[in-house]
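Order of writing sets the labels: A, B, C, D and E. Residues in every chain begin at 1.
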């Protein structure tokens, strides 16, 4: 028996490794640093590792190869773009997370107990969220570049487990938060079981677990496609669950609502990017040659996702739930990019992910600012008159809503335009028409919120806009600026993506 | 005997696990059902490893076990937390978030 | 080409129905503990299947890690949550039962018919070739060469799990635990001698000596927390008034 | 054609006057009326100058034109702002400016006590300008501008005292009914452009030689519709009676002498179309005949002096339309009657105004009587007009009306007899109701209200009346002598213009005799009925159904109301409701459907993790069911 | 820098200027806004004189790459059609600013916001007419909704928020349909000679489309435009919006914004999809004729003066649409001229109605009465505007309306005949409010209403002057319009019908 020593290309793995290192240092800080020093040092370590990871990604942007980790990961243009996107979002998310008002003081304390009150008085902090976030980020960085099914599964779990945990750490309405964690966890585990089952069948079909191996089996396969299709179907269940596509979406409104808002923002933005990155790679690289079999199903899923998300969002009364449904609708739009299955689909998806992710984070950041004595106010009715109370906050939130609605001169419009044109290019008229229709429906509720904020009088119920902490303010400002700049001058980014994005096989 | 028979068993076990998630209310039992599904997937992997004559399937199953172990830790921690808050392990009781 | 020998066939036909039945039982029994035990049984049968299918290492791991550790963790948590907690199996969510039954039949039926329909284009190869250096060695080769990176990343998962359990379960002291000295100072500062001494055992000073009778404090007042919490929980606690002392001097005199 | 650059002054002067008066506002109150009158008079002077210039040219060169600028110029649709002054238009120019100036003068006094006199004069000037544009425009589209312009002026003047809701309504009614006629003119122009490719008189005239009869008939009928609107002909006559809400000089100028005759002008101007379109021509005479009888019948029942005169105007224009419809033979007579009518009817209206002026603005003739003694000049001038209108020789009406009756009889066959008979009958009824007006107002015993102090009007009022009376007396003779007017107009109507019909059903003298007999009968009945018997000061109620119908203008308003107005209002209500309920309702319905769907789908989010799992499971089942189907 | 770009930037600079003036110096803000708009108007007039009417190609052209990935350019240029509409926009804006001097009071936000919105809107209006790149056009088309939305919702009266939402949703819906068509065009162009949005190049694309595709794409554009220039039955947003908006906003809304619809029909529907235009012409004409009659009837039935004006506009837009699809030079020139004239006559009506309403504090027609005696100048202004609205010969609307009718008649006589009935209805819907509001006895409460002040006179004067002057001498506009119209007709493969009778026979 010959054992070949594995050769790892550490440069290409460096973003992941840096983030993991940051996470481990974070854990060590938790273990050894004095309590009052933890928060700042954690934040510093987190930001430092994320920024260095970003720098690392940028420095290797020209590299490409499938041998970074013995065929387990592929590094290519698309990988660079998606990793960079995730890291940027993560940095902004850490800004929000650093605003510790969002997190419980002591997760182990029973809600409403004396212990909880004391820990609040003592100003305890769950600084563990930083390493947890970093672990999640590491998983997200790995997920879209994984080229074998094991790595894919492991990455999925690495990104999910911290999120399950963090969903339960809300400072207020902790019962809801814990419930969100429970639901997210149970359903997440349920869907990963499907994912794994899918892996099993794909392995059974092709005898290999690498994406390129599967692709070769599809091209040159003998026998019939039952195992392949079962594999694709079950794998898709897991993947579509992560992006919140109907009918695998049900967790997202509950979890978005229950989780601490900073985490919701992080989850909504970064998970979507990572998951779509993975979906794009899997479908473009491994399944492309079986497109005529999976595409109709995906078209149907995309259509009902767009419509469902938009229609249900209309009736929402809670801003976080509304954003959740909106994110479901956006998952549908993004699926259009997968369905497109061409270069412009890839480019469009990456642009869309970037634009959408940043705007989503910005929107949730604004949600953290609207508070009353008992914490965040997410009841939309109590947002009425926000434009009067705080014109700037309301305007920025309106900007994010407009970009979600795809109004020109915002990044969302360019994204929508490019993704739908890519889908239409590959012949999906149905996607185009449904997309347009559901955008119209979606506009309905985005505008409703704008009306509420600007055209209704404020109710005097103690709801107020807190001054954002510097970090939150920076996050919001960056998100707003990116949204506008990408709406007006998208050309540099678009052509950069166009020239950069590709999948290596 | 055809090794496919293992696949049938795995399919049935996966089905039972999936249904268990839907019908059982105790969060721990639900979680156990998910474990059953993972086991079914593992059985499929092992069987396919045998059919395909490669060990990748077994490696994957091995990974699954590790991952499942981690999942169990996190999952049970969450369940215990919610049990401590609510004095109930029924997932039906956790339905504040809806609509 | 792989041929399956008779012993394995027998093994399969004995264990497979049992495992499915056990799984079904796990689905249907009321008590969570029973479910757990049945699941453990299923896992052990699976372990046997693994071994039968030339996955010796996995079979062992299945028993040691899965059945041994993971299932025990389940049982432990079940104990923590209340061992006799039992589910009523009546469905409370309207319409879910028929959906579940249909889904069960549909999913199972479809799976079986699809597996029956599937053709791989080649027969079963068997693992003789792959396992020729030994199953464990073969796995190790893959694990430490081709899949070394996910293997390493798994560590992140483990740390996450540990960290997560810590976050959710670890109680940080919000204040330093009072020392004995502090406790006794606090007792004397309460302004009554009744509580100045440590708490007596049940029955102490009482006129009736039994575990279900609260002790009397030096000032004659009863101390309900001298009785075991279990008895309290059962409601097995006697009324104390009949056993109380009549006259007690409750004033505190300063000793010069 | 000879071009000129002075035609525009005809229009520009009064237009300038109107503009100045309207823009200057109250500042012009002191001198506004004088300026307006001067403007009108100078326009008249320009007209006289043009006439003399025209007389100085040979027959072929009498028509002159002026192109001001290119107005609407889109591809083949070329319309210049151009003016055309020929023998026909000069008649109108002089009538309009001449009578117009007299009425300006009259109004100075008549409107002296109205605080808005300046505005009144502005409107008058505006009217004169518009009317001149109507008759001077060299294309149908230019005419259209004047056409609606006079409509606007008429609207403004009818509604001059619009603080009375009824007057405001009357003005609106006039405008709307005119618009129906205008629609006809629009159609005519559109058809002309679509079929002939031009809308100028000259162009259409040339093209009409080669055009099919269908096209020309269509144009002709549409022109007739236009004429019925503007000239208050059947069936668009209903507005004229109500239009008497305007100050009396307005009635005299617009609703008697000039504007209402625009329809006749239009038909006569379009002679080349009607000549080639017999069907349209036949319709013209039918409309004319019906209207002349209709107006006459209405006239017999009116107690309001102005409404009686209005009905008479309608009837007289009926004569003109009848004449114009009789083709080349009748054009000149129609114009002649138009001119003479301009004199005597304007005079009578002014007289009526004078009477009202003296009688506290009472218009009910049953409250008059015996005014002869108190208003001798009015009586005389009115009387001369009366004699002219009923057609007593040698007054103007005799010549003009007689010729129309004669031509009608000569139209040939049953048509001739019916038309001639109708015209003759009309003459008799005219004699009756005009005598009734005369008697009730001037000669019967007095039936005044107590506070009435009748007196003669000041000179500024009676002088125009006198001048018009002179016209009423002499104009007929002047025009008819040696067919002077017919010869003058002949170039306009082309070579066959003045040729008389060869066949004569009756010789002219017989027709004149029959007409005189008819007039005598009419006068006699009136005398017996009103002069020789007692007249009630209030209109008797227990009268025959015919009288009642006649009082209600032969039910024209009721008809319009029942057939157009009420269904129209109902339709409006239905549409307003429908817009809200059906169209907007559908839109709202879509919104509600979306909301409903949202609420319904929302219930899928039960909050139970198990049902979410079930959803995932169902999704997975759907996927593998798809596989099951696909791989079969 | 290009003159057109500069013109478009001027209002933005003005907005910038306004935004730095302190909030409490309202007069300064107003003066700055007025000065800016006047400057823009003057510049546009200057441009008008430098325009070569005989040249049918675009002038003042500027093309710069914007989003090269999609072949999108910043491309502006004007032909006769767009020049006229730009002129309309920039002439009306200062008038609106001057006329609505106090409109910004009583709004939800400060006067500053009001004028910034107006100025931004002006930029958008210039841009939307000047764009020769379909994408750029779409961007302006959609983006201009936002300032109008806030103008209606923030400064209007009555159910302003609901009306604003209705307006926005309708427009967005149409816009999204158009987006779908634009995507379709884009994809087709990218498959046939390179992605482009250049209007000239796109007008060749119909050669590469199936008739079904062409019809669908046409409908996407047309419905968007039919909503904008409300064609029955897509009109119900307009009365609500007009009734709720401030008079100034209504002027810009009906006078300019709705023209984008009819402008788009000419510029895009006809030139991009000539065959589909022919296919749909009969149906569109039916809708146009229904609009004419329907709008008129609803105007007759209207009780609210602003709604009445809105309904008259629906009728007028029916005329414009009819003229466009009549496919004759007269119809086209008439329609284009109609757009300009309607802008002014509606402006006059709305401004005067606004003054009436602000004095009487009611917009119900029945609450007025006898205004002619109380406030003669105001009454006269209203009257003249009304006369223009009913197309009295001698006023500007007549020329255009008659051209439309005559142009339609030569090809579609039935439509023209039915439409002509509209002129009778027009008399009713103008004279009824004139009678109720201006004539009759003075309604109690109206005795002391103030007549127009100097500022208002200065504002309304030019409008009325234009109405009258153009009625008598439309040549300056027609000279610019005609070549453009002839060009469109010609490029559509049409020629004006020859006289059916006449010289030939």
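In this section, a contact is a pair of C-beta atoms (placed from the backbone, for glycine too) under 8 Å apart; a residue touches a chain by one contact, two chains touch by 3 or more.
All values derive from a computational prediction rather than experimental measurement.
Asker: Using the contact definition stated above, find the chains touching both chain B and chain E.
Answerer: A, D
Asker: Which one of the chains is farthest from chain D, going by Cα centres?
Answerer: So the chain farthest away from chain D turns out to be C.
Asker: Using the stated contact rule, I'd like to know whether A-B or C-D comes out ahead in C-beta pair count.
Answerer: A-B
Asker: Of all the chains, which has the CA centre nearest the overall CA centre?
Answerer: Smallest offset from the overall C-alpha mean is found for E.
Asker: How many angstrom between the C-alpha centroids of chain C and chain A?
Answerer: Going by mean C-alpha positions, chain A sits 33 Å from chain C.
Asker: In whole angstrom, how far does the Cα centroid of chain A sit from the Cα centroid of chain D?
Answerer: Each chain's C-alpha centroid was found; their separation is 78 Å.
Asker: Rounded to the nearest whole Å, what is the centre-to-centre distance of chain A and chain E, using the mean of the C-alpha atoms as each centre?
Answerer: Each chain reduced to its C-alpha mean, chain A and chain E end up 44 Å apart.
Asker: Suppose each chain is reduced to the average of its Cα coordinates; what separation in Å results between chain C and chain E?
Answerer: Once rounded, the distance between the two centres reads 73 Å.
Asker: Residues of chain D that contact two or more other chains, please.
Answerer: 602, 605-611, 613-614, 617-618, 620, 624, 627, 631
Asker: So which stretches of chain B touch two or more other chains?
Answerer: 7, 14, 17-19, 21-25, 30-31, 42, 47, 49, 51-54, 56, 59, 63, 67, 70-71, 74, 77-79, 81, 91-92, 94-99 - these are the residues of chain B that touch more than one other chain.
Asker: Multi-chain contacts in chain C: which residues touch at least two other chains?
Answerer: 93, 96, 99-100, 103, 107, 111, 114-115, 117, 120, 147, 150, 154, 157, 160-161, 164, 167-169
Asker: Could you list each pair of chains that touch one another?
Answerer: According to the stated criterion, the contacting chain pairs are A-B, A-C, A-D, A-E, B-C, B-D, C-D, D-E.
Asker: How about chain C: which of its residues touch chain D in the complex?
Answerer: 93, 96, 99-100, 103, 106-107, 110-111, 113-114, 117
Asker: If you look only at chain D, which of its residues touch chain B in the complex?
Answerer: Residues 602-603, 605-611, 613-614, 617, 620.
Asker: Touching chain A in the complex: which residues of chain C?
Answerer: Those in contact with chain A are residues 114-115, 117-122, 133, 137, 141, 144-150, 153-154, 156-157, 159-161, 163-164, 166-172, 174-175.
Asker: Which residues, counting only chain D, touch chain E once they are in their complex?
Answerer: 22, 25, 69-77, 81, 141, 144-145, 147-149, 152, 155, 159, 162-165, 168-169, 171-172, 175-176, 179-180, 182-183, 186-187, 189-191, 193-198, 207, 210-212, 215, 571-573, 575-576, 579, 583-584, 586-587
Asker: Would you tell me which residues of chain C are touching chain B in their complex?
Answerer: 2, 4, 8-9, 12, 16, 19-20, 23-24, 26-27, 32, 35-36, 39, 42-43, 46, 49-50, 53-55, 57-58, 61-62, 65-66, 69-70, 73-74, 77-78, 80-82, 85, 87, 89, 91-93, 96-97, 99-100, 103-104, 107-108, 111-112, 115-116, 120, 123-127, 129-131, 135, 138-139, 142-143, 147, 150-151, 154, 157-158, 160-162, 164-165, 167-169
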